[in-house]
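Both of the next two complexes hold chain A, though its partner changes from chain B to chain C.
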Partner chain A sequence: MAICSAHTTTSLHSPCTTTVSNSGFRQKHVIFFTSSNRRSGGGRRHGGTRTFHVSCSVDKPVVIGLAADSGCGKSTFMRRLTSVFGGAAEPPKGGNPDSNTLISDTTTVICLDDYHSLDRTGRKEKGVTALDPRANNFDLMYEQVKAIKEGQAVEKPIYNHVTGLLDPPELITPPKIFVIEGLHPMFDERVRDLLDFSIYLDISDEVKFAWKIQRDMAERGHSLESIKASIEARKPDFDAYIDPQKQYADAVIEVLPTQLIPDDNEGKVLRVKLIMKEGVKHFNPVYLFDEGSSITWVPCGRKLTCSYPGIKFAYGPDTYFGNEVSVLEMDGQFDRLDELIYVESHLSNLSTKFYGEVTQQMLKHADFPGSNNGTGLFQTMIGLKIRDLYEQIVAERAGVPAEAAKV
Partner chain B sequence: MASTVASLSTPATFAAADVLPRRKAGGRVWFPLAARRCGGGFAVRSTGPATPPGISDKVSESIKKAEETCAEENVSGECAAAWDEVEELSAAASHARDKLKEDGDALENYCKDNAGTDECRTYDN
Partner chain C sequence: MAICSAHTTTSLHSPCTTTVSNSGFRQKHVIFFTSSNRRSGGGRRHGGTRTFHVSCSVDKPVVIGLAADSGCGKSTFMRRLTSVFGGAAEPPKGGNPDSNTLISDTTTVICLDDYHSLDRTGRKEKGVTALDPRANNFDLMYEQVKAIKEGQAVEKPIYNHVTGLLDPPELITPPKIFVIEGLHPMFDERVRDLLDFSIYLDISDEVKFAWKIQRDMAERGHSLESIKASIEARKPDFDAYIDPQKQYADAVIEVLPTQLIPDDNEGKVLRVKLIMKEGVKHFNPVYLFDEGSSITWVPCGRKLTCSYPGIKFAYGPDTYFGNEVSVLEMDGQFDRLDELIYVESHLSNLSTKFYGEVTQQMLKHADFPGSNNGTGLFQTMIGLKIRDLYEQIVAERAGVPAEAAKV
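Right, the complex of A and B next:
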């Protein structure tokens, strides 16, 4: 019964209309959206024409963009996000073992490196980095993200990070939630306009250096000098093409060295800021104690004992690239479960489904990097916010056509 | 982090730390990997599996090439492109290690259900 052929409507809010071919003649039908918790009911007669029940939420994904430099925690974030929706994200079964795609029940995550127009040799010849827009095919990126958003499958190229070559393409079918992660999800205006929500991971230079030392020092051939040289050589392009995207993000996670330990530059204790844009549809920022006030909070004291260097929170309104934002900040790290629960119980607007869900998610992935600090906490919170946004959009889609049908 | 636990009967291909992180008794829940990253007291190798040799060679070659390229002319796009290749391969190496680690975790999952078997026994020093 469910016929939902290729859609051409781009607006999330318009009724889902489609053209159905039926024995040689074409006829336009209004399709009723259904959400997962829809009351069951058989096909109804409506004004003498047949109506279809189709789960269009499956066909028209919610699209999320995640921007960050290489080696700055995008994959960890993606694992936390897919976990919030339940189920683990796996590479496509039976496909290219070097595919960069991750698929779970609800979510497909693609890596935008797959849209490199120049392979490794090509970039070397032309003397451009992967950060440079000239090394990327934004036309194809736009066409394919748009097609997925409209419910059409695409044959997406695969950039092989080991060989540096473009491998034969893989088929990507529209999921419920489609995440594009990489260096440039918000660079091209056309792609940016397709995003229902966008996140930028902003890692300060000090922390980036510390993280790359952690990642690469054991690797043969690497040294402090090589790690530093690589960061410095890429920095001009990073500053020119990647960093400016943060002004467009709905949420920015900023990772900085701690202020709790004077002159700390080890990058082990972190100060993390969650910058949440105000007035974004379907996104209500998290707050601490009193929405819109400015608050500094040290939870460690008589009720809660914390180990050195302790935990400090801050919350308040601010402006970011001319936009009204709410900023939540955590400095320090959790050492024990009760600290995390205590903090969660004092935050509001978390979009959890039950008390303690943030803590539960953090514990579930205690082995992921950042599970004891603000990076893990804020990534989990953003994951819950994306789930909430998705549910609101699905409910809205289900509601609008029903309204239209009443008229 | 006082007690150092080592799995003695682990196959040599797994770093003991990958098999290890277990919840400690006594009501305190630790964040094992995070603790390990912060220089916890594990006596055994704690960096996880080694990078597959193919990628490892590419990383070290790319570093050599980048150093050469930049020695000649360090403001050129070629220098940046060469170091960008180092970054790309280093990230690929890191992903490859993560993948190996996930396979190692398969043993840990097995041990959750089969704690009494020889290969899952842990010892307190």
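Right, the complex of A and C next:
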């Protein structure tokens, strides 16, 4: 038995009160009330969108934050996450074709670029990058994420990456799992406090550089100098506003050059660390062999043969920005299915629903970048952890055992 | 149903033939026939003892060889081994008080020094060390070990370590497990081929030196120079005749200085390797976490706290003198019971009969040297492996499942 009540806010044109009795678990009753008081800010400033929908739901969204630099695989990560819940993620139907939002049965992923307060020209005029908090509307971000978390639909602005302009808003209704991904999900303390779980994708400078060379030089014909210059130009703001967020993350995926090939700088073989904060509610870190001890593991040996340079895992406790964490590391890449299932079978606390689910997920998206290395593996593992966290929260709210609340 | 027949050899004064029908498993029928044709070799040369006993038994001894330098813990190892089978090992009752033999219910351990063909004075005169094959009677060693293995009692000579003389022989009857320990159990190919399992205790020069300093300098008042000189004097023969035997061993226990304390040369904290040959019948190497892969493990962490310098394990496949081996390594030492049981619980293929048996054995002999480090741990583990090997061989001979043949 769940009771829903409509929410009102001072920005609504008229009050709304309603009570719905709902005995069917997982059914959702939404009441819309729209108020669009759009303020024009010289055609570019667009922070004034204040569209609220009053709704009620027995399962208010679980809110996940994913922080990373652009071009660092956030969208791949999101596709892996939504896939864990089944069903593909697609842009809102019939909406803006340049929408940054992805919606699946259970998950809505929004891009925080949509909260840019300055469009491309505006940023240029003011001499600020998209990384700069002054180019972003954190008040609106906070209000809307909070509204979604409370079960209310919102009219979220759209930043058009093609035109560099701010497009008319789109309707976002509360999903089961609401993911905010972008440059600043943990920058503003108010937004940060709304997150049930947070992830930071930390790509080392060496790997970022190798990736950019591969993409911008090989595929787009940029010069090495211009790539270096663009990275250098971006670095001060990145270090000032993006990077510090990782201290708040519940999980950090750190991507580093391999240590298996001496002096490798190709960035093709990667060493990836999954840094998992201890003591986070509803999140039990994955471990290798023996929880809380320090391990290195080269699975390639008598039972499993691997091609050069092989695969090496490490696991152990550590501290990260003063927090106790468990770190799982994978260096190298999978060549064959048996390697992947062998590794999966030796990891514990995976929150899978059946033996081999990690491998199944990885194979399902074998064409995604990173499917043969630690980025894909750890993204998949975090996806499963988020499903588990969601199910625990829903079960807790409903006062039923987690088993009954499975997605 | 087992049939026993008496054995005769050409050296017997009269032929002996008998057939005993024995339906009771593990009962033993022994027929003695003694022929002592002692040749006096100037009071010192004593290789002519040719005393044979004809016997028959359904469970002929399993023969184990243990090689190591003197003062390297062979006797401790033997006490651990006999303890695994229950019952204490004692010198033969009513015999020579300087006998080197240890007898328990299941095990007889003889010292191969008893096959010295030259006594102390004789060696001095000829200018050979006890390590030199010329000071040892391998023909007699072979004949007597072979006889015991065939179920026949022998009159084995005794080398008196106190007087440095060869004493009158003692009667050795075939036990369940016959252990030959000393400098040369794997030196002579004929003797080597009689061994069902062989072990080499390999103490590194650094540790040997540290131990000798502790014993000879601290306890016996020798000078550092004299200790160095005695080690140097011994080294050429050791390297020529003792050390090469390790290539034949089924298991090698290698004792090295710790790597946990930088530049440690005290020899108190040890790094010990257990090198286990693959493909040895009735012997399945112990492994850590994942058989055949390469692992390092620092169990001291969240669940287990250890004092400085902690404990570190390593495990993995390797080659040793061209043979495929599995190597288990322990660096550091146990401070408390919970550390030991924690480590035991993470090792596999231990051949224990109940959970915690390794720990129980270690605790039982907590006063033995090495009980808090890898020497004691691996000696205990090898003891359990020998029990397992014995039970498998007995079961195989009797054509019954191993379970029915437990000691």
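Assume the second predicted complex is superposed on the first by the 337 of 407 C-alpha atoms of A that agree within 3 Å, B and C clash if a C-alpha of one lies under 4 Å from a C-alpha of the other, contacts with A are read in each partner's own complex, and residues count from 1 in each chain.
Assume contacts are C-beta pairs under 8 Å (C-beta built on N, C-alpha and C of every residue); 3 or more make two chains touch, one makes a residue touch a chain.
Just so we're clear, the structure is a prediction, and the values are computed from it rather than from any experiment.
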Just to be sure I read the superposition right, which of the two partners does A:Ser294 touch: chain B = first, chain C = second, or both, or neither? second
Going by the contact rule set out at the top, does A:Gly316 touch chain B (first), chain C (second), both, or neither? second
Applying the document's definition of touch, where does A:Arg302 land relative to chain B and chain C: first, second, both, or neither? second
Quick one: is A:Phe77 in contact with chain B, with chain C, with both, or with neither? Answer first, second, both or neither. neither
Chain C versus chain B, contacts on chain A by residue: B
Once chain A of both complexes is superposed, is A:Tyr115 in touch with chain B (first), chain C (second), both, or neither? neither
Identify the partner contact of A:Arg123: answer first if only chain B is touched, second if only chain C is, both if each is, neither if none is. first
Look at A:Tyr200 in the shared chain and tell me whether it touches chain B only, chain C only, both, or neither; answer first, second, both or neither. neither
Seen from chain A, its contact residues with chain B in the complex are 70-71, 75, 120, 123-124, 126-131, 161-162, 164, 212, 214-216, 218-222, 226, 229-230, 232-234, 236-237, 268, 333-334, 336-337, 363, 366-373
Which residues of chain B touch chain A in their complex? 21, 28-35, 37-38, 47, 51, 54-56, 58-61, 63-64, 66-67, 70, 76-96, 98
Residues of chain C touching chain A in their complex? 289-304, 316-317, 346
